[in-house]
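After this come two complexes, each holding subunit A, first together with subunit B and then together with subunit C.
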Partner chain A sequence: MKGIKPVTRKELYHILRDPKSLIIIFIMPIFMIFIYGYAISFDLNNINIGIIDYSKSDLSEKLQGKFLNNKYFKLAGPKADDNRSIESYEKLLKSGELDEIMIIPGDFSEKVKKGTPVDIGFIIDGSDSNTANIIYQYDEMILMAFIEDHQNIRDMLNISTKIYFNPELKSAYFFIPGINAILLMMISALLTSLSMSREKESGSIDLIFISPIKSYEIIIGKTIAYIFVSFLVEALILLFSNFWFGLPIRGDILTLFFFSLIFIFTGLSLGIMISMVAPDQKTAMLATLLATMLPSIMLSGFIFPITSLGKVLRVISSIIPATYFLKIIRGVVLKGASFSEFVTDGAILILMSIILIAVAAKKFSKMRKVAG
Partner chain B sequence: MEPTDSMNDNIIEVKNLTKKFGNFTAVNSINFVVKRGEILGFLGPNGAGKTTTIKMIIGLLRITEGKVIVDGMESGKFRKRIKEKLGYMSQKFSLYPKLSARENVEFFAGISGLGRVEISKKIDELSRIIRKDLIDHSVDKLPPGIKQKVALFTSLIPKPEILLLDEPTSGVDPEMRRNFWQDIYSLKKEGKTILVTTHNLDEVEYADRIVILHRGNIIVEGEPAQLVRQHGVDSVETLFKEAVKKDERN
Partner chain C sequence: MKILYFIKKEFLEISRQRELLFMMIIAPIFQLLVLGYIVTTDVKNVPVGMIDLSSGKETVKIINRITGSDLFDVKYISKTNRDTVQELREGNIKAVIVFRDPVKAGNKIKKYPEVQILMDGVDSNTSQIAAGYFNGIIRNYILEDIKSLGVSPIVRSKPLIRFNPELRSINYMGPGIVALLLTMITVFITSISLVREKEQQTIDTLLISRLNPFEIYIGKALPMILMGIVNLCIGTLFAVLWFNIPVRGSLFYLLISVLIYLAAISSYGMIISVFSTSQQQALFFSLFSMITFILLSGLLTPLENIPAGLKWLVMINPLSYLIKIIREIFLKGNGIEQFYGDLLSLGLITLVISSISIFNFKKFVSK
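Showing the complex of A and B:
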C-alpha cells in the first residue's frame, strides 16, 4: 500500500499545474450548465393561441383573460368574437400561425352556473410532440389557476392534473440535474483515461512498470487523486446551479454527496478501463467522449424518458451508469427523496465500478507482464 | 548451465535475441555480452534496433526468440529479481515535466518502496548534485543538462548494479555531455555496469567496448582502439560509416 501515496500526490500535482486541463475540468461544466440552463430552454413563451368563444359571457371573457395575461400565451388568428368556423382556425394551425385553438362552448357560462360539468376544447399542434406536451401542461396550469380564482365552480371543471416538484415546469430544473450527471460521468472518465494514456504515450509507464510498485497501487493511487478532483467539480456544479439558476436542493446534501462519490468512482473506473485499450491520448479522449456523452444523453432518461424507449434500448439504458445517478440526483434535488430510496441504485453503481476496475486491473498487470 | 566464471564475467548475456513486429524483424538473432563493470557502447543509426534490444533486456517488450540472461538468471523466469538489478533511463521519457526535480525524486523513490527517511536522504543527495535553487523548479523549465543529471539520479534510486541508458545524451550540448560522461565514469568506478546507447560517434572513446547495430544485426563488436587498428582506419567514425555502407551493400 506504500506505493499509493506517491502516485496520488504526483497525479494531483500534475493536474493542478496544468492550466489546459484545469480549464476543461472546471470551466467546461459551468459553460455546459449555462447553455443547458439558459440557451437551450424548453420553456415556451408566446404560444400562439386562437380562441373561439361561443359563450361570449363575462365568465368566458375572464377565462380568456386568464390565458392571455401572462407571458406564455399570445392571442393570434382572427379576433375571438369574429364568429369564424373551426375549420378556418384549423387552417391556421396547419400553416403554423397558430399553435393551439381553445374552444369555449356556448353553454359554458350557464352550465357552470347550474353546476353541471362542462368541457373546454383544446386543439394543439402535435407535430412537435414535446412542444405540444408543454402547451397541454400550460393549459392545465392556467385552467387550474382559473378555478382557484372562482371557488364556486371548483367542482364543475374536471381537471385532476397536478404538477409536482417542478410546478412552473422550468426546463432548467429538468436539465441541470441531468447535465450534472452527464458532466460528472464524462469528466471523471476523462481524467483517468487521459492520465493513464498520457503515461503510455510519454513512456513514463515504462519506468513505473520496472519499479517494484504493485499494479493495483497505481490504479488506486490515481483513483484517489481523481475522486478528489471530480468531487470538487461536482461541488462547483451544484454551487453554480444553485446560485445562478436557483436550483433548489430539497433533499439531504450529504445523501447527494455520498451517491456522487459512488458515481464518480464508476466514472473513474470506466476511464481506467478505456485507457487500458486505447493506445494514446487522442484515442482515449474520443473513446471516452463516445462512451459517456452519447449514451448518457440519449438513453439515461436525460432527455427521453426511459419508459418511452424500446426494449433493446431499455436494456442498454440499464447498463449506463448515468441512468442510475440521474434518478438519484433528480430524486434528491427536486423531490427531496431520502437515502433509503436509492440503495439499490447505489449498489448497482458500486457493482459496475468493481467489475470495471477488476477487468482494468487484470488488463494492466497483463500489459506489465509482457516480456518472457 | 553456464560455467560459473563466465556467469561472473558476463553480467548480461544476449543469445539469439530476436524481435519481430509482424513481418518486420527489428532485431535479428543477435548475440553479445556485457561484462561486469564495463561500459558498453551500443551504437547504431536511428531504427537500428537499439531501444528494442534494451526493452527486451529490461522486460518491457516481449522477446520473439532467443533469451537474455542477467547475472545467471534467465529473463523469463526471474523477471522480478532481474528488475531489482537494473536501472533504466529511457530515451523517450525521463521526468514528469510539471513536477519539480524534488517531486520527481520523491515520486520515483516512493514507487521504488523507499520510506520517508530514505527519501529525504535522497533529496539531500540531489541538492548536492544540482544547485539548490533549481530543486523546486518544474522540470520543463530546467536546462537539458540539469534535467539529464536529475534523470540519471532517479534511475539510480533503486541502487541498480546495471544501468541501461538509452540515448542519454541526445539534445545535450557537448560541454554537458562531457560532464555527463564524467558521472558515468564515476559510476563505473563504484562498480556499476553500464550499457549505453548513442548515435553520437564522438562518445565512443568513453566506452570500454562497443557494439554497432545496423538494421537489427550486429556489424561490429570490440574495443574501440583495437577496432581502429584492426581495420586500419583513422577513427571509429570512419569504421562505423564503412561498416554501415558495407552492410547496406549486402
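Showing the complex of A and C:
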C-alpha cells in the first residue's frame, strides 16, 4: 500500500507542470455553462410569418391580431398588399427570411359570418421537421383560440397545467447538471487515458515496470490524483452555476458528492482501461473521445430523452455511465431527491468500475510480465 | 517540387497508422449511422400516469385516446389519488393527468371533465412538447365530439409543407452531421500533427531541411484538406444511399464551400498545434473549441434564441455558415444567388484565420 502515495505525488506534479492544460480544464466548464445558460435553448419564439390577406376585413384583421399578439409569431416579409403574389412570398420562404406564410382567402369574412367552414392556407418551411411541427401546432392553437372566441365554446374546456421542479421551464436548469456529468466523464477519462499512454510513448513505463511498486498501487495512485482534479472541476461547476445562474441545489449536497465520487471513479477506470489497450496517445485520445463524448452527449438523456429512443439505442444507453449519473444529479439538484432513491444506480456504476479496473489490471500485469 | 515529396511523406505517415485511418474512415460512417438515428428521434413514449376522479364517461374516452397514441406510455390508470410529486421526483413518470368533474356548470353544450396536468419540468423541452400533445389530443376529441352535435368549427387550417414534405428530420440533421464530422476529424488531426513532431523532436529535422516555412505549412495542411474531402464524399454518399437524403442543389458549390471551410478549420488546427507543447494540450484546446463551434452552430438548437449580445459569437463561427449552406444546398436546392452572402462571410473568416495561422507559424519557425 505504501507505493500509492509516491505515485499520486508524481502524478500531481505532472498535472501542475502543465498549466495550459490545467487552465483549459478549469475554464472549459465555466465557458460551457455560460453558453448553455445564455445562448442555448430549444424554445421557438419569433417565428417569421408572412401574411397574405385577400379578405381585408375586420374579421381577418382580428385573426391577424391573434397571430401577431404573442411571443410566438413576428410579422416579416413585405407588408401585405395585393400586388405581392404568392410566388414572391415563396421566394422569401426559400431564402429563409420567412418560416411560414399564412393565406386568408377572400371570402373569409362572409363565410365566417354565415357559419360555413373556411380553410386558412399555411405554407410552412419543412426543412427542420421539428420546427415545422411546432409551428403547425402554434397555428392550430391560435386558430382554436379564434374559434373559441367566435362560437362561444370557450368555457367548455378547462385544462390547467402545473409544473414541478422547474416551473419557469428554464432550459439552463436542464442543461447545467447535464454538462456537469459530461465534463466529469470527459475530463476524468481523458486525463487518465493520456497519462498512461504518454508513459508508454516516452518509454518511461519501463521505469515503472522495474520499480518495486505493485500494479494495483500504480493504478490506484494515478486514479487518486485525477479524482482530486475532477472533484475540483465539479465543485467549480456547482458553485458557478449556483452563484451566477441561481441554479438551486435542493437535495443533500453530501449525497451528490458521494455519487459524484463513484461516477468520477467510473470515468477514471474507463480511461485507465483504454490507455492499457491503446498503443499511443493519439489512439488513446481518439478512442476516449469516441467512447465518452458522443455517447455521453447523445445517448445519456443529456439532450434527447431516453424513452424516445429505439430499442437498440436504449440498450447502448444503459451501458453508458453518464446515463445513471445524469439521473442522480438531476434528481438531487433539481428535485431534492434523497440518497435511498439512487442506490441501484450507484451500485451499477460501482459494478462498471470494478469490471473496467479488473480488465485494466489484468492487461497491465501482462504487459509487465512481457517487459520483465 | 520539394513540396511534393513532403506531401508524399505526410501521406505515407498517415497511411502507416492503421488506427488513424480507421478513425478517419470507419468512424465517420459509424457516427453518421448512430447520430442519424439518435438526433432524429421525436419525443414519444413519454411515461405518464393518469388519475381519474371524475364520474363522467367522457374521461374514459379521452383516456383511451391517450393510451392509444404512441406519444405516451401510460404507466397506470388510477381511480384514487396518489402521491404524484414523489412519483415525479423518482423520475419514472414524467407527467400525471388528473381528471375531475367540473365544479360549476356554465352555458355549455356538454360537460367535459376538468383536466389538470402535473409535469416534471426538468426537461423543459420534453415537458412543453408533451403538454402540447395532451392539449392537442383533448381538444381534438372535443372538436370531434361537438361536431356530432352539429357544431362544427368555422376555421380550419390547410397546411402545405415545403422542401421536406414528409417532415423527415434526417433530411435536416444528416447534412449537418456530415459538416460536424468534417470539423471533428480535421481539427483533431491537424492540431496534433505539428505537436507530435515537436514531442518526438523530428520537427528540428524538418526545420533545417530546404523547405521554406510556407511549404511546410502547405505540406501539413493540404493532406488534411484532402482527407476532409474524402470524408465529405463518404459522408454524402452514405447520407444519400443509406438515409435517402435528397441533394437538390449543386454539388459543385457544396465542394467549394467545404473546401473554403476546410481551409479555415485546418488553419485553426495549425494555430492550436503551434501554440501547444504537448499532445494533451492540443487535444484539450481542440476539444474545447470544437464543443463551442458545435453548440453555437445551429446544428442542434435554433439560433434565433441567442441573445443579441452573443450573436457575434455565431457570426465568427465558420461552422454556422457551413451548416446553413449545406442545408440549403441539400434540402432547398438553393443556388449561389441565395447563399453568396454566407459564402462570402465564410471566405472572409477563412482569410482571417489562415493569415493568423500562417503568421503564427512563421514566427514559430523563425524561433
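By definition in this document, the second predicted complex is superposed on the first by the 254 of 372 C-alpha atoms of A that agree within 3 Å, B and C clash if a C-alpha of one lies under 4 Å from a C-alpha of the other, contacts with A are read in each partner's own complex, and residues count from 1 in each chain.
We adopt the following convention: a contact is a pair of C-beta atoms (placed from the backbone, for glycine too) under 8 Å apart; a residue touches a chain by one contact, two chains touch by 3 or more.
Please read these numbers as outputs of a predicted model, since none were measured by experiment.
S.K.: Touch check for A:Ile210: first (subunit B), second (subunit C), both, or neither?
M.R.: So A:Ile210 only meets subunit B here.
S.K.: With both structures superposed, pick whichever of subunit B and subunit C touches the larger number of subunit A residues.
M.R.: After superposing on chain A, more of subunit A is contacted by C.
S.K.: Please work out whether A:Lys2 is in contact with subunit B alone, subunit C alone, both, or neither, and reply first, second, both or neither.
M.R.: Touch partner of A:Lys2: subunit B, not subunit C.
S.K.: Please work out whether A:Thr283 is in contact with subunit B alone, subunit C alone, both, or neither, and reply first, second, both or neither.
M.R.: Once the two structures are laid over each other on A, A:Thr283 reaches subunit C alone.
S.K.: Which of the two partners, first being subunit B and second being subunit C, lies in contact with A:Met32: first, second, both, or neither?
M.R.: second
S.K.: Please work out whether A:Lys71 is in contact with subunit B alone, subunit C alone, both, or neither, and reply first, second, both or neither.
M.R.: neither
S.K.: Have a look at where A:Phe174 lands relative to subunit B and subunit C in the superposition and call it first, second, both or neither.
M.R.: In the superposition, A:Phe174 touches subunit C alone.
S.K.: Please indicate which partner A:Asp18 is in contact with in the superposed arrangement: first for subunit B, second for subunit C, both, or neither.
M.R.: A:Asp18 contacts both subunit B and subunit C.
S.K.: Figure out whether A:Lys362 sits in contact with subunit B (first) or subunit C (second), or with both, or with neither.
M.R.: neither
S.K.: For A:Thr131, is the partner it touches subunit B (first), subunit C (second), both, or none of the two (neither)?
M.R.: second
S.K.: Per the definitions at the top, what is the overlap between the subunit A residues touching subunit B and those touching subunit C?
M.R.: Of subunit A, residues 18 contact subunit B in one complex and subunit C in the other.
S.K.: Looking at the complex, which residues from subunit B come into contact with subunit A?
M.R.: 55-56, 58-63, 75-77, 79-80, 83-84, 86, 88, 90, 92-93, 96, 98-99, 103, 106-113, 115, 138, 158
S.K.: Going by the contact rule at the top, pick out the subunit C residues touching subunit A in the complex.
M.R.: Interface residues on the subunit C side: 17, 19-20, 23, 27, 31, 34-35, 37-39, 41-47, 73, 85, 88-91, 94, 102, 106-110, 112, 114-128, 131-132, 134-136, 138-139, 142, 146, 151-165, 167-169, 171-172, 188, 192, 196, 199, 276-281, 283-285, 287-288, 291-292, 295-296, 300-302, 304-307, 310, 313, 327-328, 331-332, 334, 338.
S.K.: Provide the residue numbers of subunit A that touch subunit B in the complex, in ascending order.
M.R.: Within the complex, subunit A touches subunit B at residues 2-3, 5-7, 9-10, 13-14, 17-18, 202-204, 206-213, 217, 369-372.
S.K.: Under the stated contact criterion, what part of subunit A meets subunit C in this complex?
M.R.: Spelled out, the residues of subunit A in touch with subunit C are 18, 20-21, 24-25, 27-28, 31-32, 35-36, 38-46, 63, 90, 93-96, 111-112, 115-134, 136-137, 139-141, 143-144, 146-147, 150-153, 155-167, 169-171, 173-174, 186, 190, 194, 198, 201, 279, 281-283, 285-286, 289-290, 293-294, 298-299, 303-305, 307-310, 313, 327, 330-331, 334-337, 341.
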